[in-house]
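Going in written order, the chains are labelled A, B, C, D and E, and every chain counts its residues from 1.
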Amino acid sequence: MTASQMPLLSAQDLARTYSIRRGMAGRVTNVRAVDGVTLTIARGETLGLVGESGCGKSTTARLVLGIERPDEGQVRFDGAPMPGSGSPGWAALRKRMQLVFQDPLSALDRRLPVGLQIREPLEIHRMGTPAEQNARVAEVMEEVGLQPHHADRHPHALSGGQRQRAVIARALVTQPDLLVCDEPISALDVSIQAQVMNLLVELQERLGMGMLFVSHDLRAVRQISHRVAVMYLGRIVEEGAPDEILHAPAHPYSQALVSAIPHPGKTARRIVLQGDPPNPADRPPGCAFHPRCPVTAMRCRTETPLLKPRPSDGRRVACHVAQGEVAPGHVGQLELS
Amino acid sequence: MAFVQIRDMSVAFGSAPALRGISLSVERGEALGLVGESGCGKSITWLAALGLLPRSAKVGGSVLLDGVELIGASPSVLEPVRGGRIAMIFQDPASSLNPVHRIGHQIAEALALHRGLTGAPARAEVIRLLDQVGIPDAKTRANAYPHELSGGQNQRVMIAMALAGEPELLVADEPTTALDVTIQAQILDLLGTIRRDTGMGLVLISHDLGVVSETCSRIAVMYAGRIVEQAESAAIFANPSHPYTRGLLGAMPPISGPRQKLVSIPGSVPEASRMPQGCAFAPRCSEAIADCTRVDPAAVTVEANHLAACIRATPAKTGTRTPERVLA
Amino acid sequence: MAVRAQALLAQFGKLPVLMLIAVTWLGFMLAVAILADLITPYPYTQMDLHNRLSSPVFMGGDWAHPLGTDELGRDVLSRLIASIRMSLLIAFGATIIGAVIGVTLGFVAAHFRGFIEQIVLALVDFSAAIPFLVLALAVLAFFGNSIVLFVCLLGLHAWERYARIARGLAISGNAQGYSAAVHQLGASPLRLYGRHILPNIASTLIVSMTLAFPEIILLESGLSFLGLGVQPPNTSLGNMVGFGREYLSSAPWIMLAPAFVITITALCISLVGDGLRDKLDPTLT
Amino acid sequence: DDRPEVTVAVQKVSNSNTLEMLSEQSNVGARIYTSYAEPLIGTDWVGDMSLKPSIATSWNRIDDYTIEVELRDDVKFHNGDLLTAEDVAFTFGPDRMWGGGTIEVPEAVIAASRRSLPAFDRVEILSPTKVRFHNSIIDPVLEGRLASAIGMVVNKRAFLETGDWMTWARMPITTGPYRIADFQADSVLSLEAFDDHWDGRPPLSKLRFVETPETASRINLLRSGGADFACDIPPDQIATVEADSRFEVVGGPINNSRYTIFNKSHPVLANPLIRQALTHSVDRDLIVEALWGGRTTVPRGLQWEFYGDFYIADHENPAYDPDKARALLAEAGYAGEAIPYRVLNDYYTNQTSTAQINTENWRAVGLNVELQMVENWGQISEGEPATRGIHDWSAAASLPDPCVQMPGSWGPTSNGWRNGQWTNEEFGPLSNELETSTDKARRIAIWRRMLQIIEIEDPAYVVLHRNASFTAKRKDIQWTAAQSFVMDFSRHNWGA
Amino acid sequence: MLHYLGTRLLRATVSVVMVVTFVFIVLRMSGDPAVVIMGADAPPEAVDAFRTAWGLDQPIWVQYLSFFKAIFSGDLGQSMRDGRDAVAVVLERVPSTLALTVPAFLLNVGIGIPAGVYAALHRNTAIDRFVMVMAVTGFAMPSFILAMLLVLVFSVNLGWLPSAGQDSWLNAILPIVTMGFGGAALLARFTRSAMLEVLGQSYIRTASAKGLSWSAVVWRHALQNAAIPTVTIIGFMLGGLVAGAVVVESVFSWPGVGRLLVVSVSNRDLAVVQAIVLMIALTMVAANFVVDILYGLLDPKMQSQTRAARA
């Protein structure tokens, strides 16, 4: 790799554990929200991160942005390690990496006109004179397709799509190198989802930022990403090109995910996963997916599979069965009932 | 006569109309999908039917349940209907469950009201219901408070509560938006199973055509307080006759094939208080013609059992009479 | 600015009748306070000992003293005007001081949590456990009869309530999206709390300020009752009521005029407070 | 028992929470103690305030230093004990007054005893009904001192049995016409008739003093039938009470005068011209007329008619003369420097109003007097002497001779003199001479000169008016108010 | 639990120490107790003797330290006025204070809460308006005025009730009504808004949708939720119960703790004031505790608060 090919962002073995105290009794439980995640994002590349609720996607996003410190592992941005949260170096980095939130309404201060909020990063990082800031705000608003008069509106006076555009404009106003979108469309209406996805694709192509796109909607991820990583309970269980994963998912969880995509006129049966969504505070031993996995084998219960290229086609997947290391079992469902 | 017959129902909050004349019917055992953008009035329709809107809402029209009028009915008529004959699953489970009561208690309340179950039998039934909706370890979970459960679990508690009264019709208001795909699949599956087993009717409210299409045999598309298209599921996808329906379908990212720019519907739903002249969709419609801003189009029969309220929709050549389910 | 003013005016026109009356009354009180020196018929300390306890017009007095005179022959109307000014000053001042201190400490607690939060909470408990009498005594004893200090003291009285509210709301505000968003933009705590959280919790604060307002007027009158309130020759509504109580049966006008003003003003303020809660929320307009 | 029960609403029952007059030396105490306790020598409270026989049937000066007292032999204590000379000696003995006896006496009590009986030597028991009081110096008014509240005779046996001074002080065993039935601090003192009283059955079966701090509450209590008497009625309320024909207000001026005093240590007040200006701008007549409804009088300086030969009838108060005050200020070169005036909130009746009137009058002549409301006497005397300016005071005399009141308050041994409040080279020696001289003519001359100095030439204070005490009562009760705070509920002052 | 209790206790201790220190400083620095108690005319020797007797002649910090040491050994000292044990002096008054405050508190709750609920349920009707106007009036009227008006009407004019004193239970009625009115007004206001808030929640709609009658919805679903914020206010009231009666006790000459506080403060009777203040502080602590427990009972979230604040 030459210098320019060096990934914009690389994360190595990130892990993050939260302690939560339950009630006045004060029993402390540890929640391992992220458990050894490694990922890289190049300039101009979009990485899609999918997985069900609570699997650690947002935590990964926060770790990658340096909003939180990983307990283990390291994040390197532009080749340099991430400075500690709150330090001057960290604050300065904020203008180079930005976050787009899931729910635009709650990510915006409902008491300030959006124009002022879009401008805020410039004020915080003292970028330019007030006049220049105004010009930049106007420019970025146009970029995301907001009209100048929208600047004076309060968030609630904008439509969902316009709100998310405002959030994106706020993220883009400092011309960041990395944009992390944490479920930017799941709170939106179908027709607005399309608007926002179009916008993100277009902006990313035009501005060439690196982008981490977090979602649980595989359809949307396919629409946007160059590469997709599937997460389950704090780990990446599969990684590959969107169409590969969507059409030939290797990991049983990915398979369930893909089969669950609702589709007009669909005929294929979906794989309905049994049991509860996993509880990160009570992580099963071995492969974390094994209690819900339709093809669990004995080994899955004891040995955690590693994310590595599959011998057959080089797909990176963390599954003993997909790797062909063991034969698929059929005991999973019986055990649960 | 249909099991539930809504005729020309309108709802207004102050001077802002939220529903502008809706006619809809649901047969026994039928699964009807109700789709449309956020705020188009999907929830209101059924809240109004059951008399659950705040007093400030002005409700007009008629809702007949087996021929009994519900609009303006006395509490003694409405109370047995609510939860007993027509049950509702609300949109936002976390805030729709009382935070200070155990979920088992909340379900048991419905059992006591509609099935006269109390004490141990009620408790057994609560556990059976929770089990049925797929809450593991139902015995202990029955004693949990809503905040101790995840969003998905609360959603399933809502479903169990709705099922407790053994309703003849279940109105499920976006039962899966709060959930991720795998759990959504579980829930849809469950609803299908119950329907098959008990012959319960289902109204599935959603804004996701994909979700509705998998569950329902008939779909009604709503826009700005009106039903703009109504047909069998397959027909909607095969032959969407209203530009809004087409917009909804186009906005869905394809699952295969080349990736291209999605066709989004520009603009947003008009505010209730500032409804445009003519067709409410006209300002956003790429196919609008001059007449669209003048005439509010009536529904026309595009083909058998397929109605669309668009000025450009061509009526079926076969001169079928307007079916019973008239659109306003 | 002009647009704002116009908008305000337009809003005023839309107020319900009750609110309109309340706002008008408060505006009137404010005008009286500001113009006190111009509209007062006599200096409020001017005595006319030959003309003590003369009745107001509506009880058969003459127009020289429309509201009668007090036990030292001072014009009740003039004293009422001076009292309105003093009481508004005290109530406004104290409310604002209490709110500023309370909100600041509440934010500090919410921001740092842990040890510092416990310290602030201990201060809150402390302030709640100190009988107000002792606190009043402290100021009177240490700083003497100074209005500024008196206002500060009354401000101190209610700070803990704001601290509690501000802390609670800031903690939940911190957990909200907008605050996380602003934080990750690299904003300083000052910006976060000053520019974002404060405006977001303002309506709750303002409502509790409108509740504190009559409370402070009452508190002051309670102190006057105990002889620790606003001290002669100054006067305040509470002070007039406190000193006038002995004349309740012989010269009720001394006390009833200020009591009436207190009650009506409190009523109007709480009406306005309830209205403000709705008006202040941009999502509701 | 068909005798009436009577309830008296008072502002305060006892400041000190005790009923022992050695620790309760206050106007408040004066009101209650005569009902349950008696000094050896009585006072004709509702009459001319002259001394009269009580437990003592007679008292005679043996010499300048000694008084022999003859006791009744039929006086019973409330516990049934017969009073003997032993009890009298004990009353004035170390156990109760001086310390060093078997029981520990609070320092404050000892100090109070010393002050009240400055040169007391001892009591000599001659027989069970005869004692002699020995003084170490000549004291022209020793009889008067024996008649004062501190001389209330106590029961030796009961005292020693109680064993603790403070416990005793809350429930003393004495000889008065009523016996203490119940005393709750800051609340109520209930007395009941002591039918074995030497003077015969008292007229009331029960007598209660109920503490009612609020004036309005006292009046309301009276009006609603909850009380038969309401004390400490401000003049302004008299009309209110009397508006109801069932009630009347009795009482009037008492031998207590209100005056306002100046601190010579204050840099501005050091100049006598300025103090004179202050005295000339006080409008006493207006105050008496307006605030007191003319129900009290302005004394001629700090002296009372009952001083007899010592009453300087031609002594004049500084006249109310604003022009003269202005002239004095101009002469003094006064330029508006602030003079602090510390005022308690109606510690004295009408105090705040009076202070406001005076301040306005002072302002009118150009004196910049700053009213500072304070909360207790400690705060009045707080700070460096130079920071204190003006404050209010009152003076009372119980003896027909100025030799106690004036030297005690203003002489070289007084607190004020010692802390620089007011000193005067000429006044000091005169004051000493007034106290010890036996030459009456000389003493009268000295007294005249002293008044001239302290009130006119180098004013230490300005006299305002005599205090008045007003008591509201049921009209149908025949009862006379005393010229003091004392309330006489003996059978001589009660008729139905 | 232990951790929670520990923090709680530590904090309470810190606040109590602060309170005690503050009171000490204020009382000591604002007027010499010797002069205040002995009076202006007392000879300097007597005043000095008093100072020595009570240790007032020692440096202030020595007094402070020895005072604290005594407190920790459970000795609050004696009243400087009459030498009695400060705690005994205060405890003697507690029953009469409670005799007023407890019924007044019950009145607050018994009138305030139903009135607030009723007003909320009949929002914007004449009844609602009436309740709220009464509430604000009650809230805005100085209690001594109310007290005096009550006395004028019921004692002086009608002669139904005694106007002051403590002779029978009849005496307690007017003070209790006076104190009850203001508190009830406050509670009514808060309860109404809490109730309105709750009635707007989705779970109320869910309860109706279940088929519950409106009264069942209100009783079983709304009230408990509305009680949660109301309990906070009640907590404040509980804490202020003891000291809150100063004015009313004065008007009705009711010898309670409030009066004692006034008298002791003006006499600078440190030990008694401290005993009262300590009692108030402890009531506060206890009231906070009660409120917490009530919270726990009313709001299950409090029992198991998982503050997984999602930043």
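Some observations on this one:
The working rule: contacts are C-beta pairs under 8 Å (C-beta built on N, C-alpha and C of every residue); 3 or more make two chains touch, one makes a residue touch a chain.
Since we're looking at a predicted model, the values are computed, not measured.
Touch-path distance (fewest steps) from subunit B to subunit D is 2. With respect to subunit B, maximal separation of chain centres occurs for D (centres as means of Cα atoms). Distance from the centre of subunit A peaks at D, each centre being the average of the chain's Cα atoms.
Each chain gets one centre point, the mean of its Cα atoms, and the points for subunit A and subunit C are 51 Å apart.
As a whole-number value, the distance joining the C-alpha centres of subunit A and subunit D reads 89 Å. The distance from the centre of subunit C to the centre of subunit D, each centre being the mean of the chain's C-alpha atoms, comes to 45 Å. Inter-chain centre distance (subunit D to subunit E, centres taken as mean C-alpha positions): 40 Å. Residues of subunit E in contact with at least two other chains: 30-31, 148, 152, 250, 304, 310-311. Residue positions 67 of subunit A each touch two or more of the other chains.
Those residues of subunit C in touch with two or more other chains are numbered 137, 140-141, 180, 183, 245, 248-249.
Of all residues in subunit E, those touching subunit B in their complex are 201-203, 205-214, 220-221, 224-225, 228, 298-301, 304. Residue ranges on subunit C touching subunit A, taken from their complex, read 176-178, 180-188, 191, 195-196, 199-200, 202, 282-283. Here subunit A touches subunit C in the complex through residues 65, 67, 90-92, 94-95, 98-99, 101-103, 105-112, 120-121, 124-125, 154, 156, 167, 170, going by the rule given at the top.
Note for the complex: subunit D touches subunit E at residues 9, 16-18, 25-26, 106-108, 110-112, 114-115, 166, 169-170, 184-188, 210-214, 216-218, 220-221, 223-226, 375-382, 393, 409, 415, 418.
Residues 118-119, 121-123, 125-126, 128-135, 137-138, 140-142, 174-175, 180, 183, 214-215, 217-218, 221-222, 225-226, 238, 241-242, 245, 248-249, 255, 259, 262-263, 265-267, 270 of subunit C touch subunit E in their complex.
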